[in-house]
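All remarks here apply to the structure that follows.
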Amino acid sequence: MLLTWLWLAPAAAMLVVWALPSRRLSRAAALAVSAGVLAYSLWLLAPYAAGEGLLRLEESGRAGPLGIRYHLAVDGIALPLCWLTALLSALSIAASWKADVPNAFWASFLGLESALMGVFLSRDLFYFFIFWDMALVPMFFIIGLWGSEGRRKAALKFALYTFLGSLSLLIGLAALATFHHGATGVWTWDMGELTRTPVMGRAAIWIYAALALGFAVKIPVFPLHNWLPDAHTEAPAAGSVMLAGSMLKMGLFGFLRILLPVFPELSAAALPFLGGLGVVNILYGAFCAMAQSDLKRLVAFTSVSHLGFCLVGIFSLTAAGIAGGSLQMLNHGLSTGGLFLLVGMLYERAHRRGLSDFGALASRTPVFAFFFCFILLSSIGLPGLNGFVGEMLSLAGMAQVSRLLAALGLLGAVLAAAWGLPAFQAVFWAPPGTDSVSDKIADLDLRERAILWVLLVLILWIGLYPRPLLELMEPAVSALAQR
Amino acid sequence: MTPESIPLSLFAPQLPIAGALAGALLAGMFSKHRSGTLARIIGAAGVLAGSALLFWGPPYADTWLVRAGGIARAWQLFFHLAALAFLASHRAQGEQPVALLLAALLGMDLIAAANDLLALYLGLELMSLPTYLLVYGLKPQKRSLEAAVKYFFAGGAASGMFLFGLSIWYAGTGTTALAPGGMLDRGPSSAASLAFVLMGSAALFKVGAFPFHFWLPDVYEASEPELGAFMSTAVKAAGFLMLMLLSIGHSSFDPIGNSGALFPNLGAWLPVVSVATMTVGNLLALRQTNLRRLLGYSSIAHVGTLLSAVWVWQAGGHGEELATIWFYLGATLFMNTGAFLFLKLAGISQVSELRGYGSRAPWAAAFFALMLLSLGGIPPTSGFLAKFYVVWDLLKGGGIGLAAAVAFNSLLGLGYYLNLIRVMALEEPGQRTPAEPPRPDAGTALVLLCCAAAATVGFLPEAREWLFTLMTL
Amino acid sequence: MMNACAVGTLFFAPVSALLLGFFVFRPYWPRKTHWPMLASCAAVTVASIHLAVQIHDGRIAGGSWELTAYRWACAGSWRVDFGVLVDGLSISVLGMVSLVSTLIHVYAAGYMAEDPSFCRFFLYFHFFFLSMVGLLVSNNYLQMYVFWEGVGLASYLLIGFWYEKEAARAAAWKAFLTNRIGDVAFMLAVFLLLRGLGTARFSEVFQRLPELSSSTLTAAAFLLFCGAAAKSAQFPLHVWLPDAMEGPTPVSALMHAATMVTAGVFLLARSMPILEEVPGVLAAAALIGLLTSLGAAAIGAMKRDLKRVLAYSTISQLGLMVLAIGTGNLFGAVFQLITHGFFKALLFLCAGSVIYSMHDSLSGATTVTVDDAGGLSKQLPVTSGAFLIAALALSGIPPLAGFFSKDAILEGVFATGSKALSVLALLAAAGSSFYIFRLLFLTFLGDRPEQRGPRAHAHEPGFRMKVPVLALAVFSAAAGSLGEPIAKVLGKEAPHLSLVVSAAGFAFAGLGILAAYWATMLRPGFDWAWRRAQPELERILDDDFGWQSFTAALARGVLGFAKLLAGPWERKTWDAFTEALADTFVGLGEGLSFFSRGALNDYLWWMILGAAALASTVVLCF
Amino acid sequence: MNSSLLVWGASGSLFILGAAFLVLRRQLIAMIIGLELMINAANLNIVAYAARRGDAAGLAAAMLVIAAAAAEAVVGLSLILNLLREEGAAESDRIRELSG
Amino acid sequence: MAATALAICGGCAVLFAAFALFQRTLYGSALCLLAVLLQVGAAYFLIGAPLLGLIQVLVYAGAVMVLLVVAVMSSPPQLNEPWAGGTAKWLAWLAVLAPAAELLSLLRAASGAPAALQRAPAALERQMAFLLFGPYAPLTEIAGLLVLVAALSILRESHE
């Protein structure tokens, strides 16, 4: 029952928080619950992370006639993502402390957290899909109800794209189970058993394509990314932290958890195509980020670029690459989550996001400038910070397979400096423009500093000493690696 | 061959209902002003007694005319449930509506128990006539009269077709029994097929399938919402039951077995009708501004999905497919009742009145959003599970094309369900949005609670198995 | 044991100074933050000198000492450990770097005294020092890369220190971007090594070089050279160094003259074994080095701004060092690197004193041009004296340091035996003496009508700025004697000064000085007159032979492409596509609604037609 | 057995004419006549074959059908009388308000 | 033989139904329906189910036609002006001639009474009656309920 509490507690708390009479009470309860879940996940999973007994921590009910079995388990790849989700929801709730929003706002965050935990923990494809779709409803309301001006259109576009994806995912999963039954005569949706039987022939390609499309919409891979900038720009700060921090990882997690183990040779065949798409993601995201005038939209495009690195890493199918990809998932959550928090704090004070709206903030708010500069550098991939470790490992992994893709990916690192520093300079160094509001902006208060210090310490720790995390992922990664 | 007479005990569950019918009419005689509530209480008591008798009443029996227990009991329980929901939620004056409802309920019980085509016809008539009158009776005004007239003539034509089909069947086989044999012994002849098509189209009319669906939106739009709920659940289920009875014939109908279809040629055209119904229902629903009419078209779309489930069932399905159909009908019962009752309580009929309703009445809006999510088939809800079972059986039964059509149509469906949620939650309240949240009384509140609870059963994939065991114990 | 704690201080002194400065001094004593920094610089200098002596006296076995600190990361078959490697090469360069840094820290304390963000300056300044130390003593390519980018970040922050100025901001970003291009090449080289050998430790890489295929080896060597070229401002990637002069002068002195720019040469020296495997790259290096040196000398001779001239002089001297590496003369390159560190830092400090003395409010104007200054020797005797010593050292006039190190390089060039190379090298030497003495005569001696700067009230800078200048003057003079110890530490045999080469070098240097004297003192106003006569030539030279405008155009092109990519196209097409999809379905719905327009007869017509159609299909197909 | 052909022909054409009434005539009362025709057609069929085979069940069925048909006619006419009272004319063009 | 009589009945029923369809006035259609109902009753009689023929005439021709006439009379005047015009004459002649022809063919075949008539129709009728209230009792109950519902519709009518 231990693992079930991870997603059940936030879900139950969601209802309680929603029903609480006063807004302040529900806000405090939400923070308490999310902090509790974070503590619980650390306490529960830390000992298992250290020892080899990672896979032993699983719980599963009886398999129903449809072969569906309530089966939760955690392994090297899922564990960091659970921690990341718990951490980010606690931080985002703390970050939007001053927002005047109804109880439903806090409830939807807890609902989102429980759904995401469910996705990362469930080993059964059916429950994986249930949690996958459940995660979309709270995010739809977070963007739709509490976003900024263009929130309605963004929420609708978000819903349309993700439902399209989850529909193709449903058909893919059902077809996979049916195909599996055809081959072995056993109805099962469990990821473990599905990997044991070879799914061959033309049908496998169709299933692979359907599942890949479902996950690609969520990552988002280049042609299907159009919903991301709008969703990020219009979502409230905390919303885009959760969206960028852990929701985008569902797609990648799907690749790692379902496509790679079940279709090893198809993934190898798809390597040039999907690796190439990853590189396109990196370059496209970087170029678009360079051309943005809205700070939040810029950060949104950077997460497209970062996820490109994850994709390149994962689809190098080498041990280093996959380790790099999954580590980059974690890093992206921290650095882009941090950036969104910062932009949110800026928006909270000045209600404006344009690059030209601010100026010379370095002199007015030095602490804010320090944090922004630090997290921006981690996002650019400055060595010594966490971004570099993920990118370096991913590209090094891909270099083992195709040097061209690795070189193009590295070009992304140059472009990162091209979009990162001008943005920093426009907001903090350049003199204030005509309609700038930087005189109204106060420096960070204690609460905001505490939140950012947590991120800072994590970023520095992973940057300087990523070994424990990499060893944590070692067993799961070497199982997937083919080279 | 003179058939033996039927012992009255077989009709035990129906007697309390008939008694309640008479009681309701008598109540009307005594007190003029409070006759409505009195009739409702008597009616509810009668239906409850009938349901109780269903379980502890007559053992399983299978005479030439009627069946009792087994599958028939399951369907009758379903009809009683829908009738209870109607009685608990409707507020019309006078004892007329209660009496008419009970008559319709008796008709449905007869359809469920029918072993003979004549009994089926009379059951159909007894179900339809009171419904025509209820459409006009509950809210006597020009629009509902127009709807009642349209419904009467369409229904009349359908029962005319059914009767003509019955006569051809009788002329061919010399018996009106719902059993394979007679004409079929010499192999399926064109006369038998013609007879079946005519009777089948009457069933398709009752259900609201594609070529016969034109009356449905008008009736749902003009009649009272609780009648809309009753029709979109119970009457639709009766239609499906008739279609299944016709396509299989009773003998092999019982629990699991599925030996030889009475009319094997159903498989040829049912997929076409089901896809057409789904697509037409969804496409027309996309453009609706009247909410009840929209729910009408959405019910048509759900009929399309159910027809594909029936196709898989009759193409050699086992108990599982039957359980899928029951689960889908059960889910529809709660979803539609919930949605229609919300419209009745909130006094909303136009989409523009729904604008910004979320900020005016958050809990009611949340309830309606849950119903819409369930109708749209979004995962955590029972609507999704129902659709998932249908897609699952289709994939298992080899209906890949149909599965893809169902999946695509559920995306189409999202177009208008999500739009309603958007209008309700994300828009600012317009001037036509009702000001204060709805105040349901005890009975309706109970029904709404059940609907909300049932909508969240999406978490338990075994729900279908439990339902099947419950229905066939 | 002493060695271990010496190496320990190399790291912990700067780190603790930084932490102390950030958490303690910044909030409470911002004006005092230079004290912990000075202490740590001193500690590092003592430690490096101690280690140098240890190695020089052979007390450390094998002349190099390696310690693995901790395992940074493990992925699949790779193991990447962070550690420290102290050997002849690193300790000699570290000695120079730490010495020069200590002096410049003192100078900066005086120079930046009135600056409002004094504390922030010293935090950045010392962060640079930490990264430089880390870079010099790391024992594998990855760790070196981490500090390599650290140095790049420090240069970005320090160039853009006075961020109010638009020029400073542009220069900072340009510097970081160009360095990043080089870093990417360096990283790709590291990937190739990791792919081939699975490790990046110098010792292991150099032992298992034969395992690599020749193509990988060539690619790795070439990419390493590109990385070094970016950092050491060699020809294609030198565009950022002249603009880097926007930063405060101590920054220019320490980073863009003595230490940071030499990191590239250090990388080449460190990966000498790889370069030696690929002769082609060495030849390319020699060519580019020579080309850069000559080009920079030509441009430097023409510039008017004091610091710009010194910047191009640095590029030219770096060109010579790369030339030395190209000719395989490791000792010559390292010796020149060390001596150049001293006298180039001195030149910049003198320029700083000139700027400091001529302008009261410092952050106003950071550059002094030859038009403003003139005949300053009367007001600034000490500075002009020191400048003279440094100029002599730079041109390679005997007793001073420059002569020995430049001669070592010339020895290497002459040893290659190619006449053209030697002549051009001599020309470069002449060029360097010409531009430095032109600057000397214009600013300190002559007094031209065209010069109308506020030199009337120029006054000698304070005590804290004079001491480092004098110290550096002494070092510039004495550094020549360091030849043998460096050779011994490097394990190379001591150079013998062949008479012919030293005579030729001295002759060309003297020729350069005379030409400068003739062009400036004997015919005053020649500089301006010449520039008015050939405006076209001046524009070309001013624009680095057109290379600056080319790179600017390239940057604008990339930004334009990005704007095109993310412009209306990106938003419109997708939204249009989704809207069109939705509209088609709603349109279909409208079409279908044509049939249900409420007429009862139509309903019945459709019903009966439907039943007939079903009947016909069913009956027909039997 | 030309008589069975005859009966099929008669009831078939009656049924089709009834359907034609429903589709072609605009007056609602005429459509009710159409309904009655369809039911009579079916009844004719049943009675013909019941009598020929001497099967009383068929006759009983016909009896019940007549009763059901009568009830249906009454319900239909009550609705039409209401319409007449409201609208003054029972035309299918008068009831086109619900559409879309 | 009865067959010819039956043929005439069926033919006339169809003919009258066709005429009813193309009548301009409701009044005309109603009368044609009456003719059709009578012909069908005659057919029942000829086929050998005299009781059914009687009931058909009683229930249909009687009750339902009356209702129809009431409805026709209450509908707007221009639809029910008295029957005039050429077709009315022909229909009247047909209505008279048809029964005469049937009687004639019956008599002609009187030598052999119609096969159906001979087989003791009373026995069939009696069996039917026994059936209706024996095994078919539940269905007759349901038919009764149907009539009750029809009555309810009328009853409600009288409330307001």
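For clarity, chains are labelled A, B, C, D and E in written order, and residue numbers in each chain start from 1.
FYI, contacts are C-beta pairs under 8 Å (C-beta built on N, C-alpha and C of every residue); 3 or more make two chains touch, one makes a residue touch a chain.
Not measured: the values here are computed from a predicted model.
Asks: List every chain that touches both chain A and chain D.
Replies: B, C
Asks: Just the chain pair, please, that has the highest number of C-beta contacts.
Replies: Looking across every pairing, the one with the most contacts is D-E.
Asks: By C-alpha centroid distance to the whole-protein centroid, which chain wins?
Replies: Central chain is A.
Asks: What's the chain with its C-alpha centre farthest out from chain C?
Replies: Computed centres place E farthest from chain C.
Asks: Distance-wise, how many Å sit between the C-alpha centres of chain B and chain C, to the nearest whole number?
Replies: The answer is 80 Å.
Asks: Rounded to the nearest whole Å, what is the centre-to-centre distance of chain C and chain E, using the mean of the C-alpha atoms as each centre?
Replies: 112
Asks: Where the centres are mean C-alpha positions, what is the separation of chain B from chain D, in Å?
Replies: Taking the mean C-alpha position of each chain, the two centres sit 26 Å apart.
Asks: In chain D, which residues are in touch with two or more of the other chains?
Replies: 7, 18-19, 22, 24, 31-32, 43, 48, 50, 56-57, 64, 68, 71-72, 75, 79-80, 82, 95, 97-100
Asks: Could you check chain B for residues that touch two or more other chains and list them?
Replies: Within chain B, the residues that touch at least two other chains are 2-3, 118, 122, 125, 129, 133, 140, 149-150, 153, 157, 161, 217-218, 287.
Asks: Two-or-more-chain contact residues of chain E, please, as numbers and ranges.
Replies: Residues 127, 131, 136, 139, 143, 146, 149-150, 153 of chain E touch two or more partner chains.
Asks: Kindly provide every pair of chains that touch.
Replies: According to the stated criterion, the contacting chain pairs are A-B, A-C, B-C, B-D, B-E, C-D, D-E.
Asks: Inside the complex, what are the residues of chain E that reach chain B?
Replies: Per the stated touch rule, the residues are 127, 131, 134-139, 142-143, 145-146, 148-150, 152-153, 156, 159-160.
Asks: Please give the residue numbers of chain B that touch chain C in the complex, ascending.
Replies: For this pair, the touching residues of chain B are 149-150, 153-154, 157-158, 161, 188-190, 193-194, 196-198, 200-201, 205, 210-212, 214-215, 217-218, 265, 268-269, 273, 280, 283-287, 412, 415.
Asks: Provide the residue numbers of chain D that touch chain E in the complex, in ascending order.
Replies: 2-3, 6-7, 9-10, 13-14, 17-18, 20-21, 24-25, 27, 29-30, 32-33, 36-37, 40, 43-44, 47-48, 50-52, 54, 56-57, 59-60, 62-64, 66-75, 77-82, 84, 88-90
Asks: Okay, in this complex, where on chain B does chain D touch?
Replies: Its residues touching chain D are 2-3, 118, 121-122, 125, 129, 132-133, 136, 140, 142-143, 145-150, 152-153, 156-157, 159-161, 163-164, 166-168, 170-171, 174-176, 217-218, 221-222, 287-288, 290, 293.
Asks: Can you list the chain A residues touching chain B in their complex?
Replies: 64-66, 68, 102, 104, 126, 129-130, 132-134, 137, 141, 144-145, 151-152, 155-156, 159-160, 163-164, 166-167, 170-171, 174-175, 178
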